[in-house]
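Got some structures for you, see below.
Both complexes shown next keep subunit A, but they swap its partner, so subunit B is in the first and subunit C is in the second.
== the complex of A and B ==
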């Protein structure tokens, strides 16, 4: 009697494949659910792309007036913004659960993930996806291709592709670490978003604008430059060292986020949220 | 092997308590902490196949106990096993073997038909597509879902949704089902039909039921044993029949009504409308 499908004898790799197979099905189900409201879906994607284009136009105007800054010009902004948008869009387009963590904890809906027979980290992170993120990702791909065309370097596409998974891991990991504040602070949604923005906002600025101390802080302590500025520098200089550094920081942050997440889950207190208005 | 064993289980929460005489700044930076013991040294055993009611007033510790037994909450101290597994240490293995229904929570996908939730949960429990189809067919029949299984969950009535909730929770044929207020908000007819199905699963398939409810009808219809919990402690643990006889101020008298009861009249009306 009962579905005695205990999978604890799996190897790490087959376990991981099983988790991502289920995550893919969950994502497709969420996508189908979003498709029930097609107009809202399209509006979010198009709206986000227009918003991003306005930001791009602003930077291009800036460099037209200022000329190049430490080797950075409008062309590099295509790469910077493209990398950022792909990174943000693909990360939260596939694993947007980290941004929902404060709501899950506050409303007690985190219970559902603890009752699921899946890996808690993967299940939680893949529980949601950000529709607008797909618009970001699409524009990001267009901008990276535009950069490759402008610079005449098809090889740069390979460099960006080699760095994208690492930058996505950093984005995800930092959002998870920020999200774990929800296990310690009541009503933490705004706090978590504010903390995450400390990391996210500098990702949109050229690394050339950061003096040495700030550069150290935003690479080592708050890894904002590793998802924007550093990847562009690596592509510009074909720097294996920078590529390696970005991957090293990504793996470190992944480990930190896993430790922070599982360490915090023990503090989860559940609850029966009814939706009182304060 | 017992389905559930609990030994000296304790769960405490720490709460910041505002002291009006302390002033706002002190309350903000150095709040007083109060330890609230929601579950206070409880022990019990539930044999396989038993249907147990775990009842008590609001805040007695019922839901906290269920949440510890299902691996949601980490206990402060004490030991427990469910299906021979430690709920928190073996959370994933346990999830394959238990089913849960929290009356105030939904696990269905709101914008998609109920059928999609069957498929999603089948994938989550790693059932083959053929097994999902077979179980889906069985559960649609058992819970009488055929009429609305292709309707989006958000368009279902509460009764229909609850039937769908429990059907989806059973897709992996759990050995033990934890039910926290399963009939909350349901009308008499929906309650009756849900109780009948749960009773049948317990009797025919030997599934252990662990139920909390404020509805005495649920307990009488389903549970042979009742534990009463208050202030985190079990104050009564005996058969439901004995409980009725021992704790009612007056002895129950069985009567056969010539006129139908109000409940029967309402059921007749609902039945006629259906």
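== the complex of A and C ==
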């Protein structure tokens, strides 16, 4: 019995390694393909970084006008945007397939993933490499380092690093859950993007400015604050409890997304689409 | 005869817009989810302002109601969906369907604009309704002395702002004939509109140098009707209108010129 358990554990770990080995090959292939169009590649990364700076400029302007609001000022915005951009960039940079799920289902190209011998969830999510995401992630890292320099706390970098995987899981899971609408609704691309915006928009706002009820809604039901405001609060107060809460919500949402994904896939009807996919 | 032919040539665009509107009306999920997205954004942003104004009645002479109504006007611009014109053009160019439409007796750009506006009709009506309900609930009645002159000034800035947005986003769409992907150009332009249009911080709070940019750059001029709720609007109106008119002419000329150039470099492969 014990030997069987060890065998199962090994097979799970080796299975996971195999999935990510395949994912790495897909990422590299997509990255090389993107590098073929160097001008577009650079334009996307630089363009996205400038695009993101707009939010930073807006919030700094806001706090210059309003002063410090409930303990938040321009400094915290560096951390908030940095954390948001890092988890958005890394998640959709490497697992952009979740945002493409509606298109896969609509166009019938989801058949290709079903026929793949790899894990369906991992294979679908890692199928897209979003170049603009790299611009986000790069600016995110710069902002987090800037926050550490401004506050003179190198330890905050460790705190952010400890929370980044959890926030990435939340981003991925929410996008997957939103994306599963494609299995139920026709022409769902705009709907899915709008649903994702409901989650995405409050991530950019300082968490301390939310009333208690709104805070509960945006931490547990729609975990927007869990990817932005809550990690910043955890770093500010070195709160292990908040760190644990972020991880707990992340794991919960991962389970929900896996259940929603496999539950929805059962409704998929093949479009008999014939095509080639890289 | 001339009038009749003009009517007939305009009628086809009207029909295209109507068909697009009817087509999009069946997509309840998109309409509903857009309403949810706009509600969450507005309630969140307005809550932040309620917090900021909690201990004071005004900041730099600007009240909470003035700020919220001014910010709310960005939603009006967003709801029209005029910014998506660039995406429609880029999609047709990348996908090659622009070749097919050019063979038809219609003006491609006008047709694309009409189809977009038609497609956006129900989303626009629903999001605007929700936005105004939220505005009235969280900000109260508009903080202005209503008069016919104020209304004419507000509507004229809204109308020319709409035209300016249309021409500007058409220009960005046309760049897809030269660029592999016009998305980065759009990102930068769109975020400039966000900053200079006062989407999070009303223009009245800007430092003077940024206020000048918001007045004289097309990104700010598009949404200058939002300034009707703050500051000395009557005095600012002539400058704001002049800026809009100048940019309308510049953008229309640029769009026409670049569209002519684009048609020349278009390669049709058939298939």
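Heads up, the rule we're going with is that the second predicted complex is superposed on the first by the 261 of 278 C-alpha atoms of A that agree within 3 Å, B and C clash if a C-alpha of one lies under 4 Å from a C-alpha of the other, contacts with A are read in each partner's own complex, and residues count from 1 in each chain.
Here, contacts are C-beta pairs under 8 Å (C-beta built on N, C-alpha and C of every residue); 3 or more make two chains touch, one makes a residue touch a chain.
Just so we're clear, the structure is a prediction, and the values are computed from it rather than from any experiment.
Visitor: In the overlaid three-chain picture, which partner chain does A:190 touch, first (subunit B) or second (subunit C), both, or neither?
Guide: second
Visitor: For A:46, decide between first (touching subunit B), second (touching subunit C), both and neither.
Guide: Only subunit C is touched by A:46; subunit B is not.
Visitor: Classify the contacts of A:37 with the two partner chains as first (subunit B alone), second (subunit C alone), both, or neither.
Guide: Both: A:37 reaches subunit B and subunit C.
Visitor: Scan A:18 for contacts with subunit B and subunit C and give back first, second, both or neither.
Guide: first
Visitor: Could you look at A:158 and tell me whether it touches subunit B, subunit C, both or neither (first, second, both, neither)?
Guide: After superposing on A, A:158 lies clear of both subunit B and subunit C.
Visitor: Tell me the contact category for A:259 with respect to subunit B and subunit C: first, second, both or neither.
Guide: neither
Visitor: Is A:115 touching anything from subunit B or subunit C once the two structures are fitted on A? First, second, both or neither.
Guide: first
Visitor: After overlaying the two complexes on chain A, where does the subunit B footprint on subunit A coincide with the subunit C footprint?
Guide: In subunit A, positions 37 sit in both the subunit B and subunit C interfaces.
Visitor: Could you pull out which subunit C residues touch subunit A in their complex?
Guide: 27, 29-30, 33-34, 36-37, 40-41, 43-45, 47-48, 51-52, 59-60, 179-181, 183-185, 187-188, 190-192, 194-195, 199-201, 205-206, 210
Visitor: In the complex of these two chains, what residues of subunit A are touching subunit C?
Guide: Per the touch definition, subunit A meets subunit C at residues 37, 39-40, 43-44, 46-48, 50-51, 53-55, 57-59, 61-62, 65-66, 69-70, 132, 181, 185, 187-188, 190-191, 194-195, 197-198, 201-202, 205-206, 209-211, 214.
Visitor: Please give the residue numbers of subunit A that touch subunit B in the complex, ascending.
Guide: Residues of subunit A touching subunit B: 1-8, 18, 21-22, 25-26, 29-30, 32-34, 36-37, 108-109, 111-112, 114-120, 266, 268-270, 272, 274.
Visitor: Within their complex, state which residues of subunit B touch subunit A.
Guide: For subunit B paired with subunit A, touching residues are 13, 63, 67, 70-74, 83, 91-93, 95-97, 100, 102, 104-105, 107, 109-112, 116, 119-120, 123-127, 152, 172-175, 205-207.
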